[in-house]
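Shared between the two complexes below is chain A, which pairs with chain B and chain C, respectively.
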Partner chain A sequence: MADVQFSNLEKDILQELMNIGFGQAAADLAQVIDLSIELSVPDIQLFKASDLRDHIANEVDSETEFSLVEQYFLGKFKGIALLVFPAKAGKQLVSLFGLQDQRNAPSERLELLEKEAMIEVGNILIGACVGKITELLNDVVIYSPPRVMIQDVCNSTLPKNLFDPDSMAISMKTVFHFEQQEISGQLFLIANHESISWLKTALHAFMEQYE
Partner chain B sequence: MITLLIVDDSPIARQILKKCLPKEDNYSIIEACNGQEALEKFRQFRPEITFMDMTMPVMDGFQAIAEIKKLDPQAIIIAATADVQKKAKQRIADLGALMHLPKPASPKAVRDALAKAEQALREQI
Partner chain C sequence: MIFNQISDMINMGLVVIDEDLKVHFWNRWMALHSGIEPEKIVGQNLFDFFPNLNDPKFLRNCRSVFAFGNFAFFSQKLHRYLFPFLPAYSDKARFDYMQQSCTMGPIRDEEKNIRYIFLSVNDVTEVVNYEEQLIEMNRKDVLTGIFNRRFFAQKIQEEFVRSRRHNRPLSLIMIDIDHFKLINDRYGHQVGDEALKAFSTRVLKRIRKTDVFARYGGEEFACLLPETSGSSALVLAQDLCRIIAEENWICRDVKLQMTISIGIAERQPDMADSDALLKKADDALYEAKSGRNQAILYD
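Take a look at the complex of A and B:
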C-alpha cells in the first residue's frame, strides 16, 4: 500500500478550506430554500480506500436506512462527494422546495420528487463546496451528474477506476443541520491518492501568501 | 497600542488573519481557540477589538459575542467567519457585532474592518 503522510499543518489548512467551502455552499442553499443551515467544525481523516464502508459506517447511524447523493469531481483535485441523509429526509426536502402540495401525488411521483430534491441539494452543496475549495487552490474541476441511492451503508464502495483499493484516500466531513427542521446530513469529500500529492503542494502554495 | 483578540479554533485562520493586519501598525495580539477561552481572555485583557469566528467547538461565536456583550456592551467585535448566510449575518448584527468579515480574510478587507473598528473606538471616547 502506498503510504501517504499528511502533517497536522496540512490537515489544519484543509480543515479551514473545507470550512470556507461549506460556508459558501450553505449560503447558496439557504438562498434557495430560505432556511438557515447550522454548520459544524469539519473533520479530516486519512483512510484506506478499500475501507470506505467501515469509514462511513462509523460516521452514520447504522440502524437507519439512508439516502446517498453521489457525485464525482475531476480535476487536479479528484474524487467523490457523498451527501448522506436519513432516508426519511426526502419528504422534508420536498417540502423545503415548496412542493408540499404534491404530498397526495402517487407514490412513484413522490419518490421521484424526493430524489429530485436530494439531487438539487447535492448539486448545490457539492458544487459550491468543491468549487470554493478548488478556486482557493487554483484548480478547476468538472462534475459527473449526481445520482441518488437509498441504501444500507454496507453497500458503499469507491469506484476502482478512481480509487486503487490499496491506496489512501482523504475524507473531509462536515455535519450540518437545517434550522427549525429535524434534518441533519453529512457531506464527505473523498480525494483519491493521485490528487493527494497535488493537494499537499496546493495547500502549501495557498499558505505561502500568508507567510 | 491597540489590543486585538483573535478567536478561531483553526490555527490556520488565526495565522491568515494575523498576516492580513496592516504591517505599519503595531498591535498587541491575544489569541483564543474557542468562545469559552475568548471570554476568559476578554475578561483578563479587555481587548479594544475582537475578531470572532462563529463555528467553533466548546462555545460558538454567537454565544461568545452574547456573553462578551454582557460583560461590556460597548465591546467592538468583528465576526470573521465562513458562514456567509444572510440569516447568520443578521444574527451577528442583532448580537451587536460591528460587522461581518467573510473568510478567507484579505489584507484590504482586514484594513477596512480595522478602520471601521478604530472609528467606532474614537466615537466611544
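Take a look at the complex of A and C:
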C-alpha cells in the first residue's frame, strides 16, 4: 500500500493551495455570477473511509436537521463533495437565486424548488472549489449530477465504488457563508485513497514552481 | 471521424457553443427535432434561434462553466425543457413540448483552456409521462376522479400544520350521502357508481380550486377548506345540501333523489393534530345523520 501519511510540510502546502484555490473561487463567484461568499480556512484531515460517519458527526451539530448535496468529481483527484446546509436554508436559497416567487405553489412544488436551489448552489460551489484546486494541481475533473438529500447527515456513507472502506480518505472541510443571506454551511471534499498518492506528487510539483 | 459519426448517431442532442454563444456544432438529433439544419445554425447566435434560452439562469450556468469548468444540469423537474421541440411520439400527448434533461459542460483545448461548452439533450418525455401517470393514480379515486383517501390524509396534515403556523382558519367538512345503500340495492351498483360520479362532479363545481375534495370511503366524502372559518364552511355546507337535494339526478336513465348529511369542524388552537379535527367533523356528521339532509357545525 502506498504511503498515505501526510508530512506536516505536505499538509502545509495543501492548506496553502486550498487557501489560494478557495480565495480564487470566492472572487470568481462574486465576479462571474454575483454571489458573495466567504470561505473559511480549510481544515484537512485523514481518516479511514469507513469512519466517514463519525468524522462528519464530529463536525456538525447533530441536533439540527440537514440537507445534503452530494456530487462526485472524477479526475486524478477523485472523490465526493458533500455540502451540508441546515434544512431551512432551502427557502433562503430559493430567494437568493431569484427562483420564481411561488409562495402559493403547491407544497410539493415548493419542496422541489428548494431542492433545485440547493442543487444549483451546490453544483456551482463544488464546481468552483474543486475546479480551482484541480486547476492549480494541473488536473481536470468531470462531475456527476448532484443529488440532494434531506436527512440525518450522520447516515452518510461513502460510495464503495470510489472508496474502499478499509483504505484512507482525505477530507478538506471549509465553512461557507453567503453574505447576501444569513446562510452558512459546510463543504467537505473527500478524496479517495488513490487520489492521496497523486495529491502528494502534485503538491510537490506545485511547490517546485516556487522553488 | 469515428466521433463525428457517433455524435450523429446517438439518440441525444449535442450542441457546442462558444463564449459568444455562437453555435459550433449541431448534431443530427438536434437537426431532426428542431427542423434546423446544421448549415443554417452553425456560426449563428443560439439565442437568435432559441430566444427562450436567454434567461438569467441559463446565462449564469454558461458563465460558471466557462469560469470553473464545472457541469451544469438542467433537470426536467425544474425546467421541463430547454429546447422547445415537439414530442417525438404524438400518441396521447400529455405534453406540448418534449420533456428534456440537459447537461452543460466544458470543452478544453490542448492547453486545458476552456474554449467551448457542450450541451447534451435527453428526451425524457416517456419516463415523465409514466411518472406523472403513477403520481396521479396514487392520488385519485378510480371511480370519481377526485382525490383519494391516501392523498387526503397527507393534505390534511400539511394544511393543519400550515394553518397553525400562520394562525389562519381551516375547516373540514365530512359528507355522507343519505341512504345510499338503497340506491345500490334498488337500481344496482352501476347506477350507484354513476350517482357517485355525478355527485362528485356537482360538488367540484361549487367549491374552490384550493379546496381538497376527496372520496373518503364508499359514499363518504371529505372536503378540506383552507382559509375558511367554521361559519363560512357552514354556509357552503348548507348550500351543498340544498343543491344536491334540488338536483334532478338521472343516472343510466334512472331518476334519483339524493340528500346529504354534513359534519363541519374548524381547527381550534387546542387541537393537537389533524386527527383531532377529523374526529370533531366526524362527530358533527354523526349528529347530522340523525336528522339527515342537514349540516351541523361542531361547537
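A few notes on this one:
In this section, the second predicted complex is superposed on the first by the 195 of 211 C-alpha atoms of A that agree within 3 Å, B and C clash if a C-alpha of one lies under 4 Å from a C-alpha of the other, contacts with A are read in each partner's own complex, and residues count from 1 in each chain.
Just so we're on the same page, contacts are C-beta pairs under 8 Å (C-beta built on N, C-alpha and C of every residue); 3 or more make two chains touch, one makes a residue touch a chain.
Keep in mind that what you see is a predicted model, and the values were worked out from it rather than measured.
If you put the two complexes together on chain A, you find that chain B and chain C both fit without a clash.
Of the two partner chains, neither chain B nor chain C is touched by A:E208.
In the overlay built on the shared chain, the residue A:N19 is in contact with chain B alone; chain C does not reach it. In the superposed model, the vertex angle chain B-chain A-chain C (Cα centres) comes to 130 degrees (nearest 10). Looking at the shared chain after the overlay, A:P146 reaches chain C, while chain B stays out of its contact range. In the superposition on chain A, A:L113 contacts chain C only, with no contact to chain B.
Contacts of A:L39 after superposition: chain B is touched, whereas chain C is not reached.
Here the smallest spacing between CA atoms of chain B and those of chain C, following superposition, is 13 Å.
No residue of chain A touches both chain B in one complex and chain C in the other.
Those residues of chain A that touch chain C in the complex are listed here as 25, 28, 32-33, 97-98, 107, 112-113, 116, 119-120, 123-124, 126-128, 130-132, 135, 138, 140-143, 145-146. Taken in their complex, chain C has these residues touching chain A: 56-57, 60, 63-64, 67-73, 75, 77-78, 103, 105, 108, 112, 158.
By the touch rule above, chain A contacts chain B in their complex via residues 9, 12-13, 15-16, 19-20, 22-24, 26-27, 30-31, 36-37, 39-41, 136, 179, 207, 210-211.
Listed in rising order, the residues of chain B touching chain A in the complex are 9-13, 15-16, 19-20, 55-57, 81-88, 103-104.
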